[in-house]
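Shared between the two complexes below is chain A, which has chain B as its partner in the first and chain C in the second.
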Partner chain A sequence: MSETTASRPAAALRADDKPIERAPQGAVGKLGGVAGWVDDRTRAAKGVNYLLRKVFPDHWSFMLGEIAMYSLIVCLLTGAFLTFWFVPSMGQTVYDGSYIPLQGVVMSEAYASTLDISFDIKGGLLIRQIHHWAALMFIVSLSVHMMRVFFTGAFRKPRELNWVIGTVLALLAIVEGFAGYSLPDDLLSGTGLRAMQGFILTVPVIGSYIAYALFGGDFPGEMIIPRLYAAHVLLIPAILVGLFIVHVTMVAVNKHTQYPGPGKTNDNVVGYRVMPVYAAKAGGFFFLVFGLTALIAAFAQINAIWVHGPYDPSAVTAGAQPDWYMWFSDGALRLLPGWIEFTVFGFTFSPNIAIGSIILLPLVYTVLGAYPFVERWITGDDREHHLLDRPRNAPTRTGVGMAAITGYTVLALACVNDIIAIKLGMSINDLTRFFRVAVFLLPILVFWITKRICLGLQRHDRELVLHGRETGTVIRTPEGRFFERHEDLDPYTRWRLVSFDTYRPIELEPATDANGLVRKGARKDRLRAALSRFYFTDQIHPVTPAELAAAHHDGHGHEALEGAAEEEYPEQIGADR
Partner chain B sequence: MADPTNPTPDADRPDSAGEYTEADYTRDLSTAVSLDGDVVGTGGLPERFEDPGLPPHQPRMSDLDEAAATRAERQVATLFGISIIGTLGFLVAYFAVPVESRMFFPGLGSTVSTSNFLLGVTMGLSLLGIGAGAVHWAKTLMPDEEAVEERHPMRSEEDDRAQFGEIMLGGAEDAGLTRRPLLKYAMGGALGLFALPMVVQVVGSLGPLDRPWRRLEHTFWDGEEGPDGTREFTRPRLVRDPQNTPIRPEEVTIGSAYHVQPEGLFDLDPHHQLEAKAKASVLLMRLHPDDFVSEKARDWGYEGIVAYSKICTHVGCPVGLYEQHTHHLLCPCHQSTFDVTDDCKVIFGPAKRPLPQLKITVDDEGYLVADQPFEEPVGPSYWERERR
Partner chain C sequence: MNALAARRRHPAAIALLLMLALVVTGGLYAAFAPKPAAAAAVTADQVAQGKALFQANCASCHGLNGEGNEAEVGGELRSFGPSLVGAGAAAVHFQMETGRMPLANPGVQAQRVSKIKFEQEEIDSIAAWVATLGPGPARPDEEWLDWEGSGDAGRGGTIYRSNCAMCHSSAGAGGALTRGKYAPSLEGVEPVHIYEAMLTGPQNMPVFNDTNLTPEDKRDVIAYVKQMHAVGNPGGLGLGGFGPAAEALFAWVFGLSIMIGTAVWLGQKGA
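== the complex of A and B ==
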């Protein structure tokens, strides 16, 4: 071809082409041919350099999300292994594996193959147990991670979106977990499915249609295990992994939050670079999480599916509990009294079941997801927040969070009321009645206590700044008076204690305008002002230099200052933009 | 207004390190403080403290002492060595230990799977060694001088935001979306509807759509379902579950309880058996006839023998726990408690309705039989439950 159309050799330039530059042989050359080869084709060096030089702040609580991430990866890995042996079928078979007590028993292939994984496949039990433990660890760590984000205010602008994604991830994780532990088709998981069918039947109007659609006919049918399997290994993980990638990418885009401290501002990130420190720390941490899960799986048995036998709708074991993350929902079911079921025009409403199952689960996560927007509405704060709150410096939020955790915990404990009753020799009826009251009263009590503790801690901070550290050195004056010498805090320690913001409660504009007409949105503003008062009326303000100076001037001044601290004063920094 | 996280440098104070010198505290305090209590004004002091900046770096042992660094190096290498040993140990355990061998381990009992235990421990060591080694390396030998990266506001530059709007609106304009509304509505309609075939296919075919709740009304006691969907009641005997043997009244002693299924259920194939059991399971109990509070219990029973559906009216768990002396039935799932002496009414817990009673009698050969099928649907409530 080139002979006939020899107008321009392929390597030559057109008149207006830029001259070809030789590929630089510098750093890429040193790194080795492969990196250079890839970069020649991807132009990746710049982006990768950016990521490798990225700075992450260091704090133990930032590892909670990491644990969740690594547990998820362990789950994906071990889960893929399990699919090689697990048979997601409800077809009935006669067990002939090596577990003697069940030999000759008719059971589903799902259950039989799970027994095979546990008894006949070398390392199968280990992989199964790592999978289950990692799943539990995933949900535990993401829940604690969520609490960390909540109590430190990390969900504030610009991270509300990521909080919502995290909430969806948390809910999906629970659904994924439920689908997963239902797969072995043993007596316990079948009982869980039976209850789920009961929940679905309570959906008004279309409940029975949904139940029959999901189960492909009568309960238990032959479809639910294969369908849960598809959801568990394909549908939910796909969404889970997709959202998880968005979640982590958003962390990188927003840059990680940091705790307040000397040198740390809202406009910087202080920490270590990915290469080499975080590559080693975070990479190593993956191995620590995986290794710990493997050790737990070696020492602690989980979900011994062979104990209860295959699913039989007429059999049940006492002390039936779901995995822990379903406890609060199951606990609510145990607390709801039966008499609230009613019939209207021949149609049955079962709030005694629906509230605790099909309403509670989505409701909890909707409220969680909505919280940043509610708080933003109350504070009217439109600034970006990259510095975290110390929980004590947001007493009302901390109290609200603790109240929510308390309510959740009471419901979760209600789910093990039978176990508590047996272990402690108590009446299960009394326990249930106690929980019914406690679920309403304890959160209020805990809110109040938490808020008081926060305010107390803040006062202590003020005290420390104003008074300094107690040195333990007792000095005797020439007049014979004794006093202990206090040492001023160094500026770094002091900065930690005084560098927080306070808000002024929003003041209500008059509900009527100059002409006496009711202003639009006045009612909404009233609610907002009331909530703002609820959040910000009791506040301890950080020590100001003037207060410190006053305390220095007169050793007795600080008592008087304490009283002043909670009052409004005009220099206050806050939401008045 | 002042941004508290970014205090502006105080021009009065040359001490930029943020330290408050003695002079700061002694400046004209009379305007700052009234000594009998309140703080008034700032006395020329700044409103807020100033960020002192990053604290001075504290070197580690390994930064100062080469011997300490070498020690750390050896520790890291040892940890990686442990990982290698763990990996090799896993291979040995995998090939040397048979899957069925059992062993004793303190605290875990004597039936611990040797294979699982050894594989887990060696795998754990193999992974933990790497993890601990890497983390220890990072903490002792890698640089621990903090780096500082600037943050920028998340929002894009105004120009870019404006340009985005122009591109989108301009693009819509160029495509004719604004000038040709027909296209807009036609496309909207098509995109709005295209998913319907997929949705209809999956929703329509998952399960039966023709009033599936009708199927919740019947149990195997009504008779086996014929090909045309009808059932013929044949006064089936009560048979023991799982022995499949009929029961004579005299075999049911006072205080005893039997798990019962309708005769013929065990002849079904295993799969249909489960579906039938999920609705037909019955608990048979004998009480002293005087123990009953309710007349119906006596009438529907036989000489103190009564049969109730075992499927909880809450969410369908089998009501498996019978307390002989109190005559209470307890559902282990959510603790609904039913009183057998009083028509199995709910006396505690989240269930609303009593357990349905199965009317029984004896046949010519003296075996217990169902005198009629259940009069109401068994199991959990559902929307159409009252529509019969």
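== the complex of A and C ==
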């Protein structure tokens, strides 16, 4: 039904390449000394050799995942320090530490111990701040890493599974962050917990039972902080670390993807061996990330729990926000109109809260995790992809991604509508109305603009490949005509611009078969065909060798060719793929 | 005297000395300082001067006799200024000493202005005149402004969090109200103005009268706000006191840029 590229048109250009040198594997000579002793007992040499000789491509965007990984490690290290002093208890105590404005105040031991870490334990405040900044940077960098993976198509076969693991990591990361944020038992964290309890209460019928079980009774009770503590320092980190080891191992097993470029194909990896270059760089990078985080923490205050005061169910504060990764959900709550709440048979249903919380949260992560499979279903592409897409070469995907980011961002900003209002001197009511409309319209607009930009860039690329660079040298022909001399691209640059895939939109088979019977799955096919058209109808194809030859042959009277790209499937391209 | 102050003024001798000094100065002050705005201290001259000043500067909005000014503008009744009968001396002091009155440009709410165009004496006389219009809150006694000597910040913090934080934020950094109105930052506001704000409830702020929050409560609230801001930001840059919002912006813009910058830099270092 559908058909995809078997070989790239430009592959012909590489027909006479030299065979590629590959990392030798297997055979390891007998080791001596301590290494030999260890190897005799563990048989580790073979595996280590495999790992050390692996080749990784080098590009800054491939280091985003590393930033996430190192931030996580920084969190683990500093978190261990914090556990030495933090008291996960909601038992009451009277504060007598050195922060004057809270002396004599009754508070939980959790809050008092956090104040002690901040004011009375040497280096405590710095470590707390490193821990929190690293947590923010962890989720920031994993999000940007995820965008990198998305926009370059690195999630395609065989890496779909790793994308799913990544999604689970991302979800766990925000749960871990939320749990940590709730531990100090200050006014903000208590308000966050109260909101969370509210979310749970909106689960129809059983919500109140779940909340009761989680909190060990009514809110706030005495149980929630010890429980969150167990989750935050033990349960979730264990799963996070386990999963991210699997995640990184899968990267090694699948091999890292690479950007298209000279010498880079779907069958090789061009880069540095782990030993010594990559390892040195990665190791150095860890210390850089750690150092920079520490520097930020040394100069910028974060989560000043002492100004918020201890949690007290009767108090609230203006400007109460969770950490940023929970904003989209909180923002949705601020946008949802309050009137969509109703009572049936004595049960109150609160879609005004549920939609923004217990529905939105899982929904976002499910859609995220499912995306590779949806795209594969649409393209029907079953090949392995080790070469990345340049985002412009997948205009619809790039547009969809940007639209999703836009929608997410609008929801997130809605959560800080009060801060925006006060900083920009605007009315919070107007802002909320604006966001209510923007959350639907802006993504569409951004999709459209992004796609136009991608198509424009692609046309520009075609133009470059066909006609070369403008040199600025104007030449006058004997007949008196003027033209600008164009310089051909060198083959390396050209290669980068022409090696990408395009897909033919799926043609719909008739909904009824030869006997007039409705075919099974016709409706699903129709959806798939529609999506396929949405993705691929107006795509721009890479320049084929034939087109290139024609352009060269024509010299400068090649205007006729320029339209070819935008035309629907010129015959020779269709035949080629 | 709270436990904290006792500890800070350790060597007991110094503590005693200081206490003594405090008692003496306090006592002398109480004996000689005029009670501001207390009806007894007001002369008829002052009231007359106040009335004249008021009629020159405020009457356009508040009416010649402070009865308020409502007028028909384009078919609808508009209020240019409310009646000040019963507003009291404290309201005038607060409004004029923070520069809110005379209202320069009517907007969603009168804003604090740093440049005050009136002499203290003029403000006092206007206040004295307004106080004659009807019984209203007077300026607080010095006793209730002495937060350093007898305020209990811990207690004040608890009161602050349940009465003020919902508008002014726990950090006292201010917060947004509906339709462009806002509760301003409390950083650097004079103790007497904090007191008078509670007492008179300017604009959208509720009135916290003396049965609501006793003068002791008010003094403790002042102590809390002042002490909290005196501690400053022990963790470094305060990022405006806007909590997670500012932190997120910082992480996304600054944190991410230096991380990516470093990655790019490292990426360029070849073998």
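One rule holds in what follows: the second predicted complex is superposed on the first by the 523 of 577 C-alpha atoms of A that agree within 3 Å, B and C clash if a C-alpha of one lies under 4 Å from a C-alpha of the other, contacts with A are read in each partner's own complex, and residues count from 1 in each chain.
Heads up, the rule we're going with is that a residue touches a chain if its C-beta (ideal position, glycine included) is under 8 Å from a C-beta of that chain, and two chains touch if they have at least 3 such contacts.
A quick note: this is a predicted structure, and the numbers were derived from the prediction, not measured.
In the superposed model, A:Leu188 makes contact with chain C only, not with chain B. Contacts of A:Val498 after superposition on the shared chain: chain B is touched, whereas chain C is not.
When both complexes are overlaid on chain A, the residue A:Leu424 reaches neither chain B nor chain C.
In the overlay built on the shared chain, the residue A:Pro545 is in contact with chain B alone; chain C does not reach it.
Once chain A of one complex is fitted onto chain A of the other, the partner contacts of A:Trp133 are limited to chain C, with no touch recorded for chain B.
In the superposed model, A:Pro158 lies in contact with chain B only, and not with chain C.
In the superposition on chain A, A:Leu517 makes contact with neither chain B nor chain C.
When the shared chain is aligned, chain B and chain C each come close enough to touch A:Gly319. Legend: residue contacts after superposition of the two complexes on their common chain; A:Val105 is shown touching chain C, with no touch to chain B. Taking chain A as the reference chain, the count of touched residues is higher for B when chain B and chain C are set side by side.
Once the two complexes are overlaid on chain A, the chain A residues touched by chain B in the first and by chain C in the second are 119, 125, 129, 272, 277, 281, 284-285, 288-289, 292, 297-299, 312, 314-320, 417-418, 428-429.
The touching residues of chain A, counted against chain C in their complex, run 58-61, 63-64, 66-67, 95-96, 99-105, 118-119, 125, 129, 133, 136-137, 140-141, 144, 187-188, 272, 277, 281, 284-285, 288-289, 292, 296-304, 306-309, 312, 314-324, 327, 416-419, 421-423, 425-430. Interface of chain B with chain A (complex): residues 1-6, 17-20, 24-25, 27, 29, 32-33, 35-39, 41-43, 45-49, 51-55, 94, 99-100, 108, 113, 115-121, 123-135, 137-139, 142-144, 146-151, 153-154, 203, 206-209, 212-213, 215-216, 241, 259, 261, 269-271, 274-275, 277-279, 281, 310-311, 314-318, 320-321, 332-336, 346, 348-353, 379-387. For chain C in complex with chain A, the touching residues are 2-4, 108, 152-155, 157-158, 161-162, 165-180, 182-183, 224, 227-228, 231, 233-239, 241-245, 247-248, 250-252, 254-256, 258-260, 262-264, 266-267, 269-271.
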